[in-house]
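So that you can tell them apart, the chains are marked A, B, C and D in the order they are listed, and the count of residues begins at 1 in each.
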Amino acid sequence: MSVAVLPHTVKPHPITGVYSGKLGTWLFLASEVMLFGALFSSYVLLRVGAPHEGPAAWPTHDQTHLSWKIGGLNTIVLIVSSVTMVMAWANLKMNKFAKGKMYLAATLGLAMTFIIVKLAFEYIPKFTHEPPYLPSTNNFFALYFTMTGLHGLHVLGGVIVIAYFLGPGSKLWHRDPEYFTNRIECTGLYWHFVDLVWIFLFPVLYLL
Amino acid sequence: MLRLLRDLSMTKAGSHIVRRGWAGLVVVVLTVVCIMQVAPAHGQAVAPQVKVPIDGEYARGLGLPTDVSKHGHGIDWLIHATHVFMAVLFVGWGIFFVYCLVKFRQRPGHQAQYDLVKAKPSKYIEVAVLVVEIVLLLGFSVPIWASVKNDLPDPDKAFRVRVQAEQFAWNFHYPGADKQFGRTDPKLVDTAINPLGLDREGDPHAKDDVFAMELRIPLGVPVICEISSKDVIHSFFLPVMRVKQDSIPGMRIPVWFEAVKEGTYEVACAQLCGNNHYSMRAVMYIQPTTDVEKWLAEKSKPPEEFVD
Amino acid sequence: MSHGSNDHHHHGPDHHHHDHPELGWWRKYVFSTDHKVIGVWYAVTALVFLLLGFSLVMTMRWQLAYPGQPLPVIGALFSENVMPGGVMLPEFYNSLGAMHGTIMVFLGIVPLIVGGFGNYVMPLQIGAPDMAFPKINMASYWVYFVGGIVMLASFFAPGGAANSGWTSYTPLSVTATAGQTWWLIGMVFLITSSLLGSLNFIVTIIQLRANGLSFFRLPFFVWSQFVTAFLLLLAFPPLEAAAVLQLMDRVAGSSFFMPTGLVVSGVVQSYTGGGSPLLWQHLFWFLAHPEVYVLILPGMGMVAEVITSNTRKPLWGYRVMVYSLVFLGFMSFIVWAHHMFITGMGTRISAFFATTTMIISIPSVVILTALVITLYRSSIRYTVPMLFALAFLPMFAIGGLTGLPLGLPAADIQLHDTYYVIGHFHYVVAPGTIFAAFAGIYHWYPKVTGRSMNAALGKIHFWLSFIFINAVFTPMFFQGMAGVSRRLYDQTLYQHGVEVQGWTIMSSWGAWMLGLSQVPFILNFFLSMRAGRKVADNPWESTTLEWAAPSPPPHGNFATVPVVYRGPYEYSVPGTKRDFFPQHLTKAEA
Amino acid sequence: MKRNVVTTMLIGGLALATLVGPAWADDNAVIKGKIIFKGDPDKHKREPLDTTKDANCTKKIGSEHVIIDKDNSPPTLRNVMVSIKEGLGDRKFEAPKTPAILDQTGCQYSPHVLGVVEGQEVVIRNSDNTNHNIHFLPKINDEINKTQPKPMDDVVKLKKEDPFKVKCDVHPWMGMYITVFNHPFFSVTGKDGTYQIKGLPPGKYVVQAWHEKFGTMTANVEVTSGATKENDFTFEPDKK
């Protein structure tokens, strides 16, 4: 019996103009928007409703113990990583596999840097501080750890994906370059989203 | 066995019964009626419980309990009107439905028609439904809601009670003669003698405040209940007063009503609040103002020493 | 996840070039990527969960009917900690209540009508060889399965399963026993599963429709799945966020939902405070109201399929119905706060949400009317699926209509959180959606197995279910009217509870009888696999594409990729020999 | 590491106890005395409790957190838990076979202060024809939050712990305290305000008196074999 090949997995659909993977990624990002959207609206609601004095009061800038410098550094790191991600995809599109891989590796490196900076200069000092700053300290820290933590997990997910495409995943290039390129494009979409979330998180948590 | 059943369903009688949609409906109605006849007979088969005798009827007409409030009739009217409207829709719709079931059943010489009917009426019906709903909403629901929830009476003229919910009891806090509620503090809470955490030493207003586990309200005087909670979300429900308000920790939400009939009624918790949610019941006494004041005066005296 | 969506491309096509018979048993049945196998897995698992959820409630009904009296026979099977001497304890009652809701909604109905029917029927109806992402499809099932296991395991957590109701209102749920943590973790799994599933559905419907199958030639069922998928995709993430926040409150001691100065059973709580209990309700109902439509829309879809096929007549007002469907889906995002009228809402906000609620009732009315008008001048074939589909109409009508007084804030004051609410939404999902699901099972069983289910057993099953399901839920309206609050372990503590206890008893007996009424179905379901009458590919003489595939369809579904020439419901077309005109046949072939 | 030391000590102690057991055979010394209240009793009046929430609670009951018996001279204090705090070394005592009973009758706990031995069975009894809820609020033991919808018994065993509160969530006024010891040498004062700790091995002891509102007092007492030592405690809560 003959089995039909699943259409539009590599080549875009004639009408919709996208291949399935891209559409799927966009839909996934839509749901992600709802996820972080809910968290941001919770942030607004809790901040507006916070009591004016007492331990539960919303901390002032110097009480938040967040340095905009470290946050800013991480912001730059992520933005650059987005650029390298695009470069990786563009090079693959132009059939420059080695160069594409190089940029991909750069993205991976930057993503790692982000995580390391986050842990070494922000999380760990807060936990070890006397008294420690924990989610139970007040709702600002609770939100800070929840939102950045969730974002951190997304970064980690990206790291795993990119690492996979640098390693075993890259075999696909030799079988079907367009495929591989598409998959890098989807990863890119996801990566830009993670970047974007941080660009919202940074001002909300560090500056406002 | 299965084949036997299959043949059974092919028999004339079998197929006759199962083909007729309406036959089934009759069966349903009859059965439901029968069970209804049987059921109430066991109505009182329950665990023994001593209770203060409660006034009022609870299963009349559509089933709404007695209404002893000034605003309640509006709510009752709305509920009844809505149900009449629903009944009209359902019956009218049902007649057409059953008519189709019978008239257009598959039978020799009967053919479905491909071209669809121009059913203008359906559009009119849908518009009508929307109109009626909007009328019910804007014409009746919203005004009632506004008067019940927003237009609070003048606190000085009203009888004020603070209702503090806790797992699993209603604590009623009366301001006493000075009409001022004393300060309360979670740290002062003593589950046995001071559930409210009243600061009797620190705050002069607290001196004459009354704590009780029953709700006593005057007849014909607007009553303001300020609903709050110690721990989780409860819901302050006076079935006969057509009053329901969630009690939410960290908030103090006022509701008001006016009793028009003396008697002894129930306070219920309508929101799941933990293991013994069901036992979170209090008694409400509606009495002439003088009696309530006498009771309050009695309660606000320093308690007699208890000797065993 | 994007990893996942890419991952598919990795193996996608070459995997499909494989010769399928080579696949080992595990890859073929357990870790199969075939949408049909996955669909069956989904359906069977969901049916088991439905049965379980129903048994939970049958146990509870004894305590409700005969409070404080030992449950005969079965009571002895439970541990002394939860049912000493066969008498159910309130804490166990609450666990059962919470888990009944959770299991029925998240583990039973949605997986059955979306995961099961959606997975199996939808790709066939659009003439696709499979889902767009077969691996994600498999993943979504197994994630759902794990979620289900976690939920079940929670019964053995210290203090029993979650007992704060399926709505898990804070702060109660935050201060509740360990079971609640399990519940939250289980929910995260279930949410992830439905996200994977829903985006897969949307992509499949957009990308993989057969040639000529334009959007307005899609069967109504596919449309319902399409809208449902969007609801799941966009409504579930906020609940996921909420679940994460509640986990933080429970595990990390944060105070998202904990206001300042809580005193629980005389103990001042250690929470910093400053949180908002209502935040949870907003996040929860923002999901849970669309969820209500997730529960009903696919049901409507299935009913539409069955009705058209058994009235031998095109669907009346197909386009209008589709528009209503989309409108419903959209509106369902802005009505959530009508679950919260009693939380102390001002006139303006309540009026706004009441208005949106009134507006959302119209499309439902439109769809119902259209379905009924389809019967007019038709030729009704009283097959078993048709009986269930027809029963769906009045039952859903009752469910919908009784929503009206609840949507009017003033009337809601009296009816909110009473049995009236229970009656209302159970009429929507139990004799509504579940009857639709039964219709679907009887309708598509021949496609899945190549054999038809026994009609006689089916009709017995239908009549008994129909009678007793009404006996269960009608009394609840009267109880609610009398002011009996929901979730009461023993309503006879209240005078108004005693007065309507008779109704409770009737409802309980109805529930147990309803349980018995499922025996013929279960027998029929399993016996027919072997003994059922062998049937042709298109036993109901229907027009939609799934009937063009062989029964049961092979991996890859269609021998030759079908091309579509006309709308989905071309029945009794004048000038054709037969009274149905399949979508994939040319005039010549017909 | 630390734990190991402790365990070895325990085991050693145990061995010792069994070895020299016979030498301790005459455990018959007694410590007894009064718990005297000095101050103004009227400052600590008992209040009648409002039990109207549950019509099944017909018994008239009063608050129990401070009960002073003025008729005794000097006035004595009820519900004081007197126990041996130190001086028993590593000696192990097995739990009594007879269970300790925590009764709920007339919507009131009896006793109001209960001492049990680690591992001893504690019977929680509902003697009222109404719904009670047992809510243990301990620090070391597991929290118990169980309902007794009708007359029935529950049995629990507890680990060593300082006094913790037990309350009923259905009848908020109901409260009592449980202390769990690893030895049987304790006594709770009653109407006469006296306590008596019998069957003590001879030795030097630190005796502790605990009251839920007035806190703890300790005294050093030495008893010789078979002797009876008097030792009174005087609580002066109002003296600042």
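Here, a contact is a pair of C-beta atoms (placed from the backbone, for glycine too) under 8 Å apart; a residue touches a chain by one contact, two chains touch by 3 or more.
Owing to the predicted nature of the structure, the values given are computational and were not obtained by experimental measurement.
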Chain nearest the overall C-alpha centroid of the shown protein atoms: C
Among all chain pairs, the one with the most C-beta contacts: B-C
Length of the line joining the C-alpha centres of chain B and chain D, rounded to whole Å: 46
CA centroid of chain B to CA centroid of chain C, Å: 28
Chain A-chain C separation of Cα centroids, rounded to whole Å: 33
Rounded Å distance between chain C and chain D, as computed from the means of their C-alpha atoms: 55
Per-residue multi-chain contacts in chain B, two or more chains: 47, 49, 51, 166-167, 190-191, 274-276, 279, 281
Shared-contact residues (touching 2 or more other chains) in chain A: none
Residues of chain D whose C-beta touches two or more other chains: 145, 147, 149-150, 167, 169, 172, 175
Which pairs of chains touch, using the document's own definition: A-C, B-C, B-D, C-D
Residues of chain D defined as touching chain C within the complex: 135, 137, 142, 145-147, 149-150, 152, 154, 165, 167, 169, 172, 175
Chain C residues touching chain D - in the complex, by the definition given at the top: 68, 84-85, 87, 89-91, 158-159, 177, 265-267, 490
Chain D to chain B touching residues, read off their complex: 45-56, 58, 60-65, 129-131, 133, 145, 147, 149-150, 167, 169-175
Chain A contact footprint on chain C (complex, rising order): 1-3, 5-6, 8-10, 12-14, 16-17, 20, 129-130, 132-134, 136, 195, 198-200, 202-203, 206-208, 233-238, 240-242, 244-245, 248, 252-256, 260, 271-276, 279, 282-283, 286, 554-559, 561
Contact set on chain A toward chain C in their complex: 1-10, 13, 16, 20-21, 23-25, 27-28, 30-32, 34-39, 42, 45-46, 49-51, 54-58, 134-139, 141-143, 145-146, 150, 157, 160-161, 164, 169, 172, 175, 179, 182-183, 186-187, 189-190
